[in-house]
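Presented below are the structures under discussion, each in the form of structure tokens.
In the two complexes below, chain A is the common chain; its partner is chain B in one and chain C in the other.
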Partner chain A sequence: MKREVTKRVKITAKGSKNRKETRELTLMSLPAIIWYGLFCYLPLFGIFFAFKHFTPRPGESLFKNLFINSPWAGLSNFSFLLRSSDMPGIIFNTLFYNIIFLAAGIVIPVFLAIFLVELHGKHLSGLVQMVTVLPYFLSYVIVGYCVYGFLATDEGQINHLLKMFGSNAIQWYQSPGYWRFILIITEIWKSTGYSMVIFLCAITAIDRTLYESAMLDGARFMERVRHITIPLLRPTISTIFILRIGSILSSDFGLFYQVPLDSNSLQSVTQTLDVYVYKALMQQANFSYSAAASFLQSVVGCILLVGANLIIKRIDEDSSLG
Partner chain B sequence: MNKSLHITLIILITAVVLTGCGKDKSGDSEDITELRWVTYDTGNTHLDAREIIEAANEVSKEKIGVTVDLEFQSLEKINLMMASGEYYDMVFTSSWINPYDKNASLGLYYDITDLVKEETPILYDSIGKYWECAKVNGRVYAVPVLKDMGAEDMFRLNSDYFEKEKGMVIPERMEFSDIEPFLKAYKEDNPEKYPLAMDKSGLPGYINFLERVVDPIIVIPYDQGEDVQAIPFWECKELMDRYRLLHKWYQAGYIHPDAATIESTVADKSFPVRGGVAWKGYQGYSNPADWGFNVKTSIYDGPYLSRTSEQGSMIGICAACDRERATACLKYIELLSTDRRFRDILGYGVEGKHFEYLDNGTVYRLPAGTDRYLTRLYQTGSVVNASVETTDLNLPADPDQWKDVFEEYDNNGIYSKATGFAYDPGAKEDIITTLTAIYSDYAAELCTGTSDPDTVIPKIRERMEKAGINEVIIDINNQLDKWKKEQK
Partner chain C sequence: MKEKAHDNYNPEGYVRPEDSAYSKSQNRVAATLFILLSLLVFLPILLVFIVSVSSQDSVTAAGYSFFPRELSLDAYRYIFRSGGYMARAFFNSVFITICGTSLGLFLMCPLAYAISREEFHFRKPLLIFLMIPMIFSGGLVASYMVNTQILHLKNDYFALILPGLCSTWYIMILRNYFKSSVPEALIESAKLDGGRHIQIFRLIVLPIAKPVVMTVAVFQMFAYWNSWYPSLLYLDSNHTELYPLQYVLVNMEKSIEAITKNAQYLSGMTGYTPPSVTIRMAMVVVVILPVMILFPFFRRFLKTGMTVGAVKE
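== the complex of A and B ==
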């Protein structure tokens, strides 16, 4: 392993001398660079919204309105986040779901991918892939109505079944107890297939001869998985882990707002930071407040991302980013 | 990164910045002022808007030398436009969309207090006492659109069923609770169905009998006598009784069990009882072709006139306009408020294509009108000056309907005593934002009757008090006292 690393460093050092080669490579990445420049770096000035008491004047440019016409507000834009007494609950929900999604979003797809590779029938494997990936392309608005089709009090399929077996209908949208599971199941159902494809690619990239020699040595399936597949998947897993942990304070708005249909009774289990910010600011159109909220999310996300990367670097330098 | 990359980046960024700044207005030709007028898009169809605006411009060009470029924009777009300082000449502003009080106190609109008296005296006189609702610190920043200024809340009932089949009598006025026997009768006949149409925003207008300072959390009731004070909504007994009644109806099965999560009930035409907000004599609810049965309305509230209700639709002029352009705006609004034939173009479309005049002077929409241009009158200026619409040819509307409506306001209207008062939230905005978020945790289930107000209200109260609602109420009442003193 160590030798490989030094070899890689040498190659890049050599490459930087060769200008022609890098120029071509840079040109190839130009679309991505432009995209990042336009959509990630250029809008960075928007951070100022979070620290300004934004008072626009009509007919003047956004920049003038933001930098000259608006007075500084210090940290006062952040105070509305602290005003709400249920902020601890909201933060708990955000972290709770994200940690579960983070774990389930890696463990389940990895195992599915491992088993799928072992399937010898090509058609069946293709079918399984297609069926699991399909939900990823559905919008949460549609998913929300599909879920409603199952859970509606009067016309829902589940209540029909319950009534058929003689039990009482459940008012799902008024019973918060079930919703932690419903949300987790929905999210896993929707996202598993897509992450599975990433791991599937990583597994197919593993040298088959490793498995063959292991098989000759008498390694059984589980042993091959433990000693070959998982160790070689580690860099992919940690990359995905690092990328996901950066958005731990953000949540999929669609999942937490559209799927429970914004039902009041379910707030205690469905309200995450994004949902709260949306509900607090939807009517007011206060850009400074929303900028403050998303700035806070980004800062916490950034700290977690860098922190996770550092820890991973300690454990296994090869799997870390940068 | 190498040099060429740097250069490409710099070129790109400057290009973006330059295109952003390099907007310039095209010069006016032959002294004709073209105004950019942005109005609220209610979601109704306006496919033929281009053609209709052209037709209106032909007339206004000749009469006052002003044309408009009318745009229908969504709430989000208008908010963004106001916040980013985009240029416009006239904009839709109100108590419910693009908040007038907030924007006017921020100085986003042109101060027309004196200009409207000097340049357009006819317009000034026509608005009369309704200028009061546009006053912020004694100055006027927008023209109120004359429409149904008071809120009259009504039930819309299937009269074929209730009167012909059941032999019940639908009175012209009733109390809120009087609807119960109707609901009960229908439920007994159709135990599987729900008689009262209800979606997550509740019965339309059920809270109109209160003036809302912080909508709908801090309210000013109408019947307070001389000492007007703002109170939290839970202190209003009448409202609490309504919530209790709704909860009772919910439990009795008059309201759909999932009402609190239903987005809209418009598509389901079978409900025999619906709520509505309109005015006496309004026909828009009663077209049997729309519903498949005859509809009779019965008013249970109002007319209540308050700052909130009178600010239903207003036209604000951009603060960045110069005096000349602001005058052009006012002249255009004046033309809309005085010239009936001209007003009907933007309201109903092109005569002969989108609508036709009936013998009694009312307007009847033709198929092209209902399919391709079905906007609400208040979106495009004075409602009172537009011709009245007849929806059912067998039942022509009264062309002088508005005279009756305004007489009713003058004689029987219930007026808020704080119409000229605008609350400036200032440093309390973060509390209000929090209160709004807290309220939205309960709103849908409270107004649909899903939750029991006697268990939920104490929870709301506790959370709101923790968030600092009392600070806001004290602040409002201080400002209100100051305003009252200035009035004397």
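== the complex of A and C ==
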């Protein structure tokens, strides 16, 4: 039926009609194309910031300042950036948090989803999903204040408990030692519910008869999880894995800037590349280093994304991103 | 096989009790554990709520506690008495959210329709055009410089609205839905009747695709309501009249100062100390509350949006 219709259209379609259709459709997409041009493609030339010593002269246009007034720097921006004293720590932080978030962001939600899906009664399951997903839809500013409620030095809930049990209060926002842990807990709190719903949906899409026949063969619950659920979740898991690997050098700016309330004494454990990119630009006006750091993020992310996809394609065709 | 799998598929994320691996007593244990987990997740938000309605004295004595000694709406009274400051911020947030959402849909939907049509000559190049920014971007410096120096987006609403309008991800969700859920025959017959694409899109495709359009709209709304990074980049500290709520919270100390000054000025009580520790949390509640109220209504759309692309065909 469908083929018949399209065939007929193809026969009646003349060049002029096609051209008219193309014009209409182009016109419809034009506003968005202009937006992409201005906000995505125009800034692409900014890659040059990373390869120039940006020396703007006041009153001249950005392009003239960047391309004519600024001398080429070659790769010196990158070498200075990578040799600066806090860079190893920043890169370590970025990788450290991302690897932990990657692992925790898959293991915990999958685990919870496997047990949640068996729950009787859809209302309870729906309620659990709704509550656990809520933090995902709060901004990191709000999350920062939720954390503050516990950690504030004078009024914080935790310091009050500590005092009640006779210990000394801790200056949380001045003690970097705890913050790796705090940030990890915060991130898990914020994003676990969301991933759990995704995995839950993937699990409910699994053919239930597989479980029934496994049950007839005497497979226990954990065996069914191991041999049916996990293997069938693999495509979903690897999709998430590939996308996360692609942003391994990026981090959520809000988590590392706003949740520690931009506290200077926590910098050693909270500064990631995104925070550096922001601070280099807005606080130090160091355009070249900031651009070089973004460029590294983009390039490394791109390579890892393509690489991870290729490797996963080798192992299991179905699990890759096409 | 595939047919069967689809039969059993239920988007609610639960199985029938008779299919479940849990016995009745196991289910009771699991249910309790999950209820405890939900409570645990909700606690930090609850704490903010409770503190916002505690009295200043109670907080000074017992800290931010789940069990305040005395309840009081002082913080809220103070915020409302501060006159324009919070009301203006609230208006800014609502305005930015509404403009950003509707403008974004206005740009994305027609484009998504165009690239969902097989007969569109530029479909493939456009797809690549949309994909490239997903993988590669010019970075913060470049977009900041372009936005401020070439497009002159600084210290106005446009700076907060325009940069976040479109997302390739949403365009793809819309396109896939237009492609799979709108019957091709319907569009073809409308075309044979002489309908133009813009009419077909408006009168046939959009009404059918309402669920997915709503889904994208809801996600955009949350994104704009929660956005504060553009304010951090593009608003100077002397333009407080443009601050959305989220950014008022980022500048909490300054905001409390502004509110107290206003309130003292308006009420003439210069000696009165403001409930500054509870005001903080009351302002957070003002931001969370709309999200919490709308959340149950948007649940269906949120779920659709979250699970799109999770289940691979």
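In this section, the second predicted complex is superposed on the first by the 230 of 322 C-alpha atoms of A that agree within 3 Å, B and C clash if a C-alpha of one lies under 4 Å from a C-alpha of the other, contacts with A are read in each partner's own complex, and residues count from 1 in each chain.
Going forward, contacts are C-beta pairs under 8 Å (C-beta built on N, C-alpha and C of every residue); 3 or more make two chains touch, one makes a residue touch a chain.
Just so it is clear, the model here is predicted, and its values are computed rather than measured.
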| item | value |
| --- | --- |
| Which of chain B and chain C A:Thr22 touches, first, second, both or neither | both |
| Contacts of A:Ser265 with chain B and chain C, given as first, second, both or neither | first |
| Touching partner for A:Arg226 - first (chain B), second (chain C), both, neither | neither |
| Touching partner for A:Leu281 - first (chain B), second (chain C), both, neither | both |
| Chain B versus chain C as contact partner of A:Gly59, first or second or both or neither | first |
| Chain B versus chain C as contact partner of A:Leu38, first or second or both or neither | both |
| Touched partner set for A:Ser84, first chain B, second chain C, both or neither | first |
| Which of chain B and chain C A:Asp154 touches, first, second, both or neither | both |
| Which partner reaches more residues of chain A (counting touched residues only), chain B or chain C | C |
| Overlap of the chain B and chain C footprints on chain A, listed as residue numbers | 22, 26, 33, 38, 42, 61-62, 148, 152, 154, 281, 287 |
| Touch list for chain B against partner chain A, complex | 1-2, 4-5, 8-9, 12-13, 16, 20-21, 79-80, 82-88, 106-108, 200, 256-258, 260-261, 318-320, 429-434, 436-438, 440-446, 450-451, 463, 466-468 |
| Touching residues (chain side chain A, partner chain B) in the complex | 19, 22-23, 26, 30, 33-34, 37-38, 42, 54-62, 64-65, 76, 79-80, 83-86, 148, 152-154, 171, 173-174, 261-265, 267, 271, 276, 279-281, 283-287, 289 |
| Chain C - residues contacting chain A, complex | 1, 4-5, 8-15, 17, 19-22, 27, 30-31, 34-35, 37-38, 41-42, 44-45, 47-48, 51, 59-60, 62-66, 106-108, 110-111, 113-115, 117, 119-122, 126, 129-130, 132-133, 135-147, 149-151, 162-163, 165-166, 171, 184-185, 188-189, 191-192, 196-198, 201, 222, 225-229, 232-233, 246, 249-250, 277, 280-281, 284, 287-288, 291-292, 295-296, 299, 302-303, 306-307, 309-312 |
| Contacting residues of chain A [partner chain C, same complex] | 1-2, 5-6, 9, 13, 18, 21-22, 24-29, 31-33, 35-36, 38-47, 49-50, 61-62, 112, 115-122, 124-135, 137-139, 141-142, 145-150, 152, 154-157, 159-160, 189, 193-194, 197-209, 211-212, 221, 224, 235-236, 239, 246, 253-254, 258, 277-278, 281-282, 287, 290-291, 294-295, 297-298, 302, 305, 318 |
